[in-house]
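What follows is a group of structures, each given as structure tokens.
In the two complexes that follow, chain A is the common piece, with chain B as its partner first and chain C second.
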Partner chain A sequence: MKICVCVKHVPDTAATIRIEGDAGFKDSEIKFVASPYDEYGIEEAVKLVEKNGGEVVIVTVGKPGADATIRSALAMGAERGILVTTDSQFLDATLTAKALKAAMEKDGMPDIIFTGKGSVDTETFQTQYRLAGYLGMPVVNDVSKLTVDGGKAVAELEVGGGDKQVIEMNLPCVIGATKGLNEPRYPKFPDIMKAKKKKIEQMTLADLGIDGAAGAVILEKLEPVPERSGAKMIEGSVEDQVTELIRILKEDEKVL
Partner chain B sequence: MARTGILIETENNAVKDTSLGVMTAAKGQEIIALVTDADPAGLKDKLAEFGAAKIVKLAASGGDITASPDLMAEALAAAVKEFDLTALLGTASVAGKDLFARLAALMDLPLVSDCVALDLGAKTARKSHFSGKTFATLKVDATVLLATVRPNAIEAEPAPAAGEIADFTADVTDPGKLVIKEVKKGDAGKIDLTEAPIIITGGRAIKAAENYKMLDDCAAKVGAAVGASRAAVDAGYAPHSMQVGQTGKTVSPKLYIACGVSGAVQHFAGMKTSKVIVAINEDKDAPIFAKCDYGIVGDIFEVVPVLTEKL
Partner chain C sequence: MKTNARAVVIGGGAIGVSVAYHLAKYGWKDDVVLLEKHELTSGSTWMAAGNVSFFHGNYYGTQVNKKSIEIYKELEKETGQPVGWHTTGSIRTADNPGRMDELGYAYSMNRCLGLDVSYITPEEIGKMHPFIQTEGLLGGLYWPDDGDVDPNSLTQAMAKGARKLGVEFNLHTMVSGIYQKSSGEWVVETDKGDITCEKVVNAAGLWAPEVARMVGLEIPSISIAHTHILYESIQEIADRDTYLPLMRDPDKSIYLRQEMDSLILGLYEANGQQWYKNGVPWDYAQEEINPDLDNISDCIEGGIERFPILGETGFKHITAGPITYTPNAEPLVGPAAPLKNFYNACGYSFGITQAGGIGHYLAGWMMNGEPEIDLWPMDSRRYGSYANWAYNTEKIADTYPRLYSIIYPNEFRDAARPNRTSPIYEYQKQANAVFGDYYGWECPNYFPPKGEDGYEDPTWRRSNAFKHVGAECKHVMEKVGIIDLTRFAKTKISGPGAKAWLNHMTCQKVPEKDGRIALSPMLDHKGNFKTDMTVSRVNENEFFCVTASVGKKHDQHWMLENLPEDGSVCMEDITYQMGCLVLVGPNSRDVLAKVAYDDVSNDVFKFGTSREIYVGRTKCRVNRMNYVGELGFEIFHPIAHQITLYQDLMNAGAEFDIRLIGMYAMDSMRLEKGYLAWKSEMNVHHTPLETNVAWTVKMDKEFIGKKGLEKQKAEGIAQKLVCMVVDVKDSDPFGYNPIFAGDERIGMTSSGGYGHRVEKSIAFGYVKPEFAKEGTQLEVEILGRKRSATVSAMPLYDPKNEKMKS
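After this line comes the complex of A and B, so read on.
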């Protein structure tokens, strides 16, 4: 069984984003990691291969420094990596999907493709669907439970309001992983050492015949979300505090 | 006038308030309200009041479109062509995000997911980047603009229109590649977290799963949904479906009350765009007080019951 996991190289969720120019950010001084939801995909893929045999290949479309993020995925037990390099952190989702498709076709098609349910940088929530569309595969997202048996996969996903759907599909398929699917492992020191020797094949978007500037969604401006400057503290006895809070919410803020 | 389609979400045969906000995002356009799962006659008054020129019951020749997300996407694609739409908008609910991504892939059109503001004339959208830390303004170069709008991000405004009722059965028969085997119902009557106008969240200080009842009681008084912080979920006090923040749900209610939540940056990632944030915490130095609107220093087990009583 061959499994590809699409991993995005994103700023650590605790990092401070400093805007640079109109639509850029300073990426030199912040730590980058695998997008958190992708880790559930990596773990699930590694577990499936541990059980059924085969290999896990990490496929990343990202800036040249993304090899470090691929290494961390290799330390979790993936076999090798492919990095399609691009100049921008904000590559159009259609182009990312085309690059992932082209890289997989070149490498040999997988039986299962994992992604995270979404990336925590651009939050476009669509690349996995486009990839599945281009490849003619079924896709489900927000998957918190998965069973793979023979040529079929059965996925459980939340559909809102706490309701869950159980969906069956044939392999090959694309699965968007979310929290609950598993508990991603922390690589041990020997795993990290072993990962240093694993192979990461690099290619550019142009090598795959893709023009990185061809996207239809253009980032015009990036600006910080205004921070609140600190709470107005409500003092007094519990009774007084609650009475004043309700008054504020009703009369001043009109949200009750 | 440019024509915009709005995918209407309903609950118990009534239009969800979140869909009315999406209609307001298309103010000034000729609005075609697309209904898939309810009788349009019952929705007419509301949809006409908020701007629907036409209310279309969407169906597919190949079967029940609500039974397959791929069939629904096919039917929506057919509706875009039939009504010559220049934009199609929906709610960024769990189902809406899934459906629009399927539609965008199917039509190979750009999609902006989870917008907080939208300018259909200029074809620009504003949305979160980097988990609520920054806003991005995106310009979309496409013949048809597809977008989902974050629930409650745009306040609904009445804009009366004709609300003429019509039917459209798309000629699509491919049931798609997914078979829905089972739907496991969550707690009946629970308000969906991502769409709730008011949310009360319990953090680590809630101390035990059974103590969420205290928040449920308070929430019931004002029609709120109850959420949990990651610390509370990881401690086993609440299921992941209740988690707000990074690796949980992103919410944008008009009122967010955080009870015993410390206020990690990852929590703010999921609720920063709420209109008003109130924090109740025993620790006067809790980071949440630096980033919210109103604060009460106190034991949640003392403050919340009084709040419930007075609401």
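After this line comes the complex of A and C, so read on.
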């Protein structure tokens, strides 16, 4: 069984993004991680291969520094990695999906493709759908339970109100992983050392015959969220406090 | 925001909050304002591991740690906010004999403070920490009262306590400038308005150098990305009922402590990454740095060797964050020279261990004018202008990976050297000098014969320098030598008010005749030693004052703080204009006579006098006095003439077999002569009345500290300085050794070493007066072993000063 896991190299959610120019940011000084939802995909893939044999290949489209993120995925038990290098952190989901498809086709098509349910940096939540569309595969997102048996996969997802949807599909397929699917393992130091020796194949969009400028979305401007100073303390009786809170949320913060 | 306050503390980390809390607690209450540009703990405190232990490389630092532990245990009671304190005990291991000696030093030094500390065997270590692999360990020390605290809760608890007492906390308030008004008051400018105050504390942590720059200071502090690793849950730990002790394996440069049901491994890697070494961005706040695993893998592997479970457990989280370091990794605390009412509390790389204690001690220092304990090891004035940014970045690169290296009293590390050199430096090198660095100066420690012992083995015992030092001492005793003391701090005091002011500053009577010299201690307001200087009277309105080189900034700051504002006294630092070569030994006068144009005979140039004479073509101020107790002359000269002067003296001395003499020989000889050393015998815990320089105290005049001495005279002294001869073969006393009479601890040594002229191992120490009688049999504990010691007459060498006066 061959499984590809699409992993995105994203800034740590706790990192302070310092904007540079109109639509860039200083990425040299912040901590990057594998997008957290992707880790559920990695764990699931590794478990499946541990059970059924085969290999897990990490496929990433990102800046050259993304190899560190691939290494962290390799430390969790994946076999090897493919990095399609780009110049920008911000990629249009169409372009990402095209690049992932081309890389997988070049490497040999997998039986299952995992992605996270969405990346925590741009949060467009589209890559898995577009990728499945280009490949003509079934796709289920937000999967919190998965069973693979022979040529079939059964995925469970929560649909609100406590209801669950259970979807059966044929392999190959695309699964968008989310919390609950498993508990991603913490890499041990010897695994991290082993991961350093694992192979990461690097290629550019051009190597795959993809025009890097072909994305449909152009990032025009990044603006910092203004820093808020301190918490507002609301005084008075519980009733007064609630009334005041609702007023603040409606009038001051305009979130209701 | 307030516009006026007694004290403004800049920085809301554990240190700043503790200083504010203690200032308020001890009486300044709502007259204290704290400024923080972001949230509390957002600089370095947030990423601290939270270890709190007694162990510290020096005696006074250990006391600060001890105070912290006392405070942390009481803080919840006082503030209602838990601090997450766990008493876990701690173990420090040793896998080589040098490390065992260091533990021996720590053991004996800790016993001076009455701490609970004991030696433990590898087997005992294995029992106390089931995850350790003890192979290769020789032993360790165990402190049962050590523990850990949650750095954030600790800071919040002290903040809560401070707020209750009225301290105003201004978060998200950025300091943009600081200036001093002509009245002496400080104005701290912020984006929320200005605050006028009496005292300012720079507790700005990562940004302390920037805050210092606002008042024209350059302070040596750079941040380094320190890393610690939290492992995933370990079932065997979850199943335990008691906490695992904090483990430090300094030989593997790691620490390991329990955190909930898991472990935290901290490490000091070989190549510490300096982070924004030119200045941390103002907008940085509580953010993790990308950990560099390759850079720390050696230490992680060392950790796995010692604790194999770490190889089988996943990394839950790797935290890397910036922490400040100074050239020797001790913090920068206390009055900031040359300013008045501006204090440092920064440069901390172990802020959680000391926050409580240093808050307490610095608050007391600010409020009372003097520190409760001698904080010299962390006093920011220990660094002179040589400790600039470039020095600092080179030095810290060497210091960080060696934070867990064995501390040796005789180790002078090579990094960031040389800095200041005497003009005759190249001659000293040609004479095979092995140099030490003192306040940035390269100064020869000893001169071995060519090809021998050009590197001194670091040790707590007698080193390979021993026999060479002995040869130098004998040479000075029998012939003549030159000691380079160019590094002496020299201050010219002049003006119509000079004499009266000096009389106010020292307990000694300032010389009444031109050319007279007086040994002149300066005391603090309690009567304790501030410093000690040699005052030579040039004329009625001009005095030439010499103090120890390492105390230059401290001593001159004290003078400057007390200088009259009316301009009647002029103080001029002439340290870098004048060198000093000490010509010493029975043939020194013969050598000087050969080159001097003036009569230097005993009739004309008497002991204890100072003259301006021509030594060759160099016009010199010569004091007939020295620190080794032989006939000798301290020849102060314009530094540009030094080589000429040196050549003249060496040529004239050739027939007397003149040679260069180093610092080690000088220190050996001063012990034999009963001469006191600054910050060893002369520190803030002792008055001259307890020592053999009680004769310098002249109670028939007014001076700073007189009241304290009067009180002590009335009450009687509690301690007395004694000289002891110690029965040892290879490990001489060094200071901070406990002194015992039977099982009772009755004092502590202040310094020690071997006297080569008297061929005895010597310790100076303060003991209860009833044990000060000559012939009293005591014991001095050295490296964990009690050695018999006999109280002896002081000095041991030439008690009638016949040699110096000859």
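A few comments on the model shown:
We adopt the following convention: the second predicted complex is superposed on the first by the 229 of 256 C-alpha atoms of A that agree within 3 Å, B and C clash if a C-alpha of one lies under 4 Å from a C-alpha of the other, contacts with A are read in each partner's own complex, and residues count from 1 in each chain.
Operating definition for what follows: contacts are C-beta pairs under 8 Å (C-beta built on N, C-alpha and C of every residue); 3 or more make two chains touch, one makes a residue touch a chain.
This one's a predicted model, so the numbers in the text were calculated from it and none came from an experiment.
Look at A:D163: by the touch rule set out above, it reaches chain B but stays clear of chain C.
When the shared chain is aligned, no partner comes close enough to touch A:F114: not chain B, not chain C. Judged by the touch definition given at the top, the superposed model places A:V154 against chain B, while chain C stays out of reach. Once the two complexes are overlaid on the shared chain, A:K188 sits against chain C while remaining clear of chain B.
Contacts of A:G133 after superposition: chain B is touched, whereas chain C is not reached. When the two complexes are overlaid, the chain among chain B and chain C that reaches more residues of chain A is B. Contact with chain B, but none with chain C, is seen for A:P11 once the two complexes are overlaid on the shared chain.
Judged by the touch definition given at the top, the superposed model places A:P36 against chain B, while chain C stays out of reach.
Residue overlap on chain A between its contacts with chain B in one complex and with chain C in the other: 14, 16, 227, 230. By the touch rule above, chain A contacts chain C in their complex via residues 12, 14-16, 18, 29-32, 185-190, 192-193, 227, 229-230. Taken together, the chain A residues at the contact with chain B in this complex read 11, 13-14, 16-17, 19, 23, 25, 36-37, 92-94, 120-126, 128-130, 132-134, 137-142, 144, 154, 156, 158-170, 173, 178-180, 215-225, 227-228, 230-234, 238-239, 241-243, 245-246, 248-249, 253, 255-256. Contact residues of chain C toward chain A in the complex are 171-172, 231-232, 281, 283-285, 287-291, 293, 297, 300-301, 304, 310-316.
Against chain A, the residues of chain B that register as touching in their complex are 93-95, 97-98, 101-102, 104-106, 108-114, 124, 127-142, 176-187, 190-192, 194-195, 198, 222, 239-241, 243, 246-248, 254-255, 265-266, 269, 272-273, 275-279, 289-298, 302-303, 306-307, 310-311.
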